[in-house]
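Take a look at the structures listed below.
Next come two complexes, and both contain chain A; in the first it sits with chain B, in the second with chain C.
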Partner chain A sequence: MTGALTWARFSFRLQRLEILILSAAVLAASALMVWWAFELVGLSEAYPECDFFGNDSDFSGGGSACQAPTEQFFGIRASAEMLISNVWLAGLVAGLVLGVPLVAREVEGGTAQLAWTIGRSRVRWFVGRVAFAALVASLLLAVIAVVTEILASAAAPGFDMSRDFTLYGARGPLVVARGFLGLGVGVVVGAVLGRQLPALLVGLILIGLLYAAIAFGMGRWNETEGILGPRDQNARGALYVGAGLELETGERISWGDARARDLSPEMIEGIDGRMYASQADAEAGRNAIGRRYELIIPGERYPEIVAREAAVTVGLGAVLLLTALLVTQRRRPR
Partner chain B sequence: MGALRMAWKLQRWEITTLAAVGAVLAVTLLAVGWRMESVQASAPDCWQTDVDAVLPQSAVNECAQAYAEHDAARTIGSMAGAGVVLLPFVLGVVLGTPVVAREIEARTASIAWSVSRSRGRWLALRTLPILAFVVLGIAVIGLSSLTLQRQLTGGEVGFGSLIPQLPVLLARGLLALAVGLVAGTLLGRTLPAVLASAVFLIAISIGLSIGLDVWMSAEAKPIAELDGTSSKVYNSGLRDDATGELINLDAFLAREDADDMLEIPPPGMTMVHWQIPGSEYPVWMAREAGVTGGLAIVAGVAFVLTALRRRP
Partner chain C sequence: MTAALETHQLAKRYRRGVWALAGIDLEIPIGGITALVGPNAAGKSTLIKTWVGFERPTRGSVRVAGVDPWRDRRAALGHIGYVPQSPALYDGLSVEDHLDLAVLLRPEFDRAAARERLDQLDIPRDAGARNLSGGQQAQVALALALGTRADILLLDEPLASLDPLARREFLHVLTDAVRVGGATALLSSHIVTDVEQACDGLVVLGVGRVLLQSSVKDALSAHRIAPADGATGEVIATFLGPAGEPLALQHDGGGAGQRPATLEEIVLGYLASARSSPNRERAA
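Moving on to the complex of A and B:
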């Protein structure tokens, strides 16, 4: 117990400024989000007759009494969504900022030799430092993950957000998972460069590339599992993974392929939902080209898809941390 | 020359990384801008402003291809445009924070400050080359983005512009530099100073944005025509043609007789929009640059005062 306390106190002292600034930012953002959540819940409970999202099939509009609360609700909701939409950055940045100095500061400050020789082994030293940074990042980001979930639920009263892809990736466990990716990138770049600020810059670029690669890869993976969405309505809470044109032969092609095949670029949708080359064809209902289709992943699969992406992200972060360990083991302390 | 060499030796890693990022961004901006221009030039009929003109089928197909190529370039251009907006902040913070913080962190400040003739001279020699680099970097990026900017806005100067004008970019860069210098001096640690500067600049940017919005909405005028995407519209309403009386659209729709009206605006009234016309965009850019530049001067003075009094 004493050993753990000493380890925590020592690790905190080495990174206290970063931890305090990150904590203050997390606290401020969380307080704002909780306040918005209270406001939104308060409005939905105070004006149940207004039915902000039209859940009630007998909704009659609520009259002019609903105009002000509706405007207020959607005003707060727009601000909340803007903040949540940018929160995905928090995980990456927090991980990076905590990861970069772990090795780089010791090398830059010329204290690496001392730190690595007084410890029982370099691996032990590395694991101790990374474990604390990972713990702090997880705790801070867990707060953000929980608060974003609360706010997202408050912004969509009556909907089960645990089965809904709205604001996918910007709330919940993925925020924490990205912290591990940021931490991995930060530690490995810091260990290689041995300079904090350049490592931060290179880390930001690397994180951007890795994030884009993960988003692209997961997008393609999700696309292979997409099912045909309902044609006549929006699939509430679903993740849209593809769209295109289903030809009369049953063949499905993307809009890019439709253009490449020189199908009319200005297709017109007839009242029967089919696409026609001209207004005359649409009115006569002849020579239909096909109909639009959308591929979706239904909201019920939200937990599974989130868990999958989180596993990939954390896995990549773990690989980067292992790489950083190898680099640190072989690195000269100057 | 000696100051430049010293600045380079002390910050070569950051300068090299930022120069590389800036070079990639500048080349991307120029390439995408020229690409969009050449696509337009190769099929000028596709961008004609006469909406009633009917194109033959062959031209329709050609235009579809041209639009697709133009859109692809626009997507990359929009991302590069976001880079232009971010770069002044990154340049200022990354180059500003280590000037004093690194000396304090490495415990070399007392030596550096005592071997120099005065601390003021040391500050000037260390800060001015960085200031020159920030200004030069922003100028290069700002000028490289001009062709792209013209393409993204369809040649219209107005509030639909993604990339602000060069004076605003410069003012933001100077503000970020000054904030970075102050944070580095106060905290005496490079990485926490970068983080603190970023948090502070985000807060300032949000505050400035809200403040400017309030200022603009207060000066918005009711004008009948909507000026495309180049104007900034705040509200809509109706003007009584006979009396000139103005009424807010929400207030008008809340009137009991509004539901019975067959058309809006009803006869005898004209729809108006409270807006800042796109023609006033340069004025507002100058105001924003002035306010941001003023804040940069305040932060710069704060830096000099804190750096002169800081214990090494």
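Moving on to the complex of A and C:
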């Protein structure tokens, strides 16, 4: 325990600048989000008669008295969603900023020669440094994860956001998981390049590629599990994983396949919800091609899908950290 | 085991194709301080880094107390205390923090001895590393290396950036520690006068090869300086003296106008010989 605390003390001093900057950013963002959450909850409680998510665009539910609070609610909600929807970056960047200097700064500054000869094992040194950075990243991002959940719940009063894909990936555990991925990328690129600034730039590019790869892979995985969404209404809280055209024969094809089959590039949706090749056909209700369909994952599966993507992301981060350890074991200190 | 450090046909080529070491055989005996002398780019740092396990030999092998540092770095590092070329301490840590870190990295690190050594030198242990002078930083690096209680000390040009007084203090601490602790030290330098008093052995390295390996005592007794046209023994090389006069470094010999060679002249002579006949290599 004493050893762990000593490691933590050293690691903090060696990464004080990054930790303080990230902490300040997390604190500021969290304070703003908590304040917005209080405002939204306050409006919901102060105007229970106003149906903020109803269809009464003329505020008939609560009368004209609801107009001002509704506008205020949605004004704050728009700002909150804009901030939350950019939070997915926070985890990746925080991990990268904490990860890059771990090996790169030691190599660049020459201190690796000291640490790697006083200690007989680079593994011990590596684990000590990475463990602390991972802990800091996890704690900071856990704050963001919790606050984004609170704000998302406040922005959707009456809905169970733990069973809802709204703002999927921008709140909750995935923010922390992405921090682990960012850390892995930062450490491995820093260990390979041995220089901080180039490692930061290359790390940003690599993170972009990995994020896109994960998003693509998980999207395909989710698509295989998608079920047909309701035709006549939005599936509240669902994750949309695919869409296409259901032909009159019952065959489902993607929009790409529809174009490939030359099923009229400019289909018209008729009043009956079917797709037609022309306006005249739509108005007459004849020669229907089919109807659009959407594949969804219902909101009930939110915890499972989040856990799955978090596990994949953390797993990839762990592989990167193991790679970084192997690189560190073999690399020259300068 | 009779040698603390060994190389066998050690060659090292860097990626850009430059051969830093061109196949050297070397045995550094246990005990005492050996000076590794040579000009810049002679391969001194590369040689030391292969023993530390930082560089992998392109050909040949190295041993530290009988252990191949590339195959068993952990065991090799157990024998090594290393002082790098520029003492790279952690800017954000105090001197005392460095000692704590050393204990963390190597539990058997002798913190008490390191503290005592630093206190004797009046180096404030609560001072930040970035506030220390170059000499003090070198002393901290030496205290860290000595605190490992390693039986082999590898010092890679630690004197290069120090002023004369700091150099003398450093060498005093080093010789004292080696004599008392019975360790083996290899001190690389390109400043011959500094190592003459402190070292027992001498290795002259030039263009990636060992030009001379000898004890300092034997080297001094076995070489003489003669005017270039008055040499009577085996001439190692001719070079210009301080006044521009042509001198010959010769092995043994004797005669009118000759005098014992200084260590600096011996080193200069062997380095000059490497330029004129690149394959020369000998033990005195």
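A few comments on the model shown:
Here is the rule we use: the second predicted complex is superposed on the first by the 326 of 334 C-alpha atoms of A that agree within 3 Å, B and C clash if a C-alpha of one lies under 4 Å from a C-alpha of the other, contacts with A are read in each partner's own complex, and residues count from 1 in each chain.
We take it that a residue touches a chain if its C-beta (ideal position, glycine included) is under 8 Å from a C-beta of that chain, and two chains touch if they have at least 3 such contacts.
Just so it is clear, the structure is predicted and the values come from calculations on it, not from any experiment.
After superposition onto chain A, the modelled positions of chain B and chain C are compatible, with room for both.
By the document's definition of touching, of the two partners only chain C reaches A:Trp125; chain B does not. Contacts of A:Pro198 after superposition on the shared chain: chain B is touched, whereas chain C is not. Contacts of A:Arg261 after superposition on the shared chain: neither chain B nor chain C is touched. After superposing the two complexes on chain A, the angle subtended at the C-alpha centre of chain A by the centres of chain B and chain C comes to 80 degrees, rounded to the nearest 10.
Of the two partner chains placed around the shared chain by superposition, chain B is the only one that A:Ala25 touches, whereas chain C remains out of contact. Once the two complexes are laid over each other on the shared chain, residue contacts for A:Pro101 go to chain B alone; chain C is not touched. After overlaying the two complexes on the shared chain, residue contacts for A:Gln67 are found with chain B alone; chain C is out of touch.
When both complexes are overlaid on chain A, the residue A:Gly109 reaches chain B and chain C alike.
For the overlaid pair of complexes, the smallest distance between C-alpha atoms of chain B and those of chain C rounds to 8 Å. Counting contacts by the rule stated earlier, residues 109 of chain A appear in both its interface with chain B and its interface with chain C. The touching residues of chain A, when paired with chain B in their complex, are 17-18, 21-22, 24-25, 64, 67, 97, 100-101, 105, 108-109, 193, 195-198, 200-202, 205, 256, 259, 262, 265-266.
Of all residues in chain A, only 3, 6-7, 10, 13-14, 16, 109-111, 113-121, 124-125, 128, 332-333 touch chain C in the complex they form. Touching chain A in their complex are the following residues of chain C: 49, 52, 54-55, 73-74, 77-78, 80-82, 84, 86, 88-93, 97, 100-102, 104-106, 109, 141, 144, 148.
Residues 13-14, 17-18, 21, 60-61, 63-65, 68, 90, 94, 97-98, 105-106, 187, 189-192, 194-196, 199, 250, 254 of chain B touch chain A in their complex.
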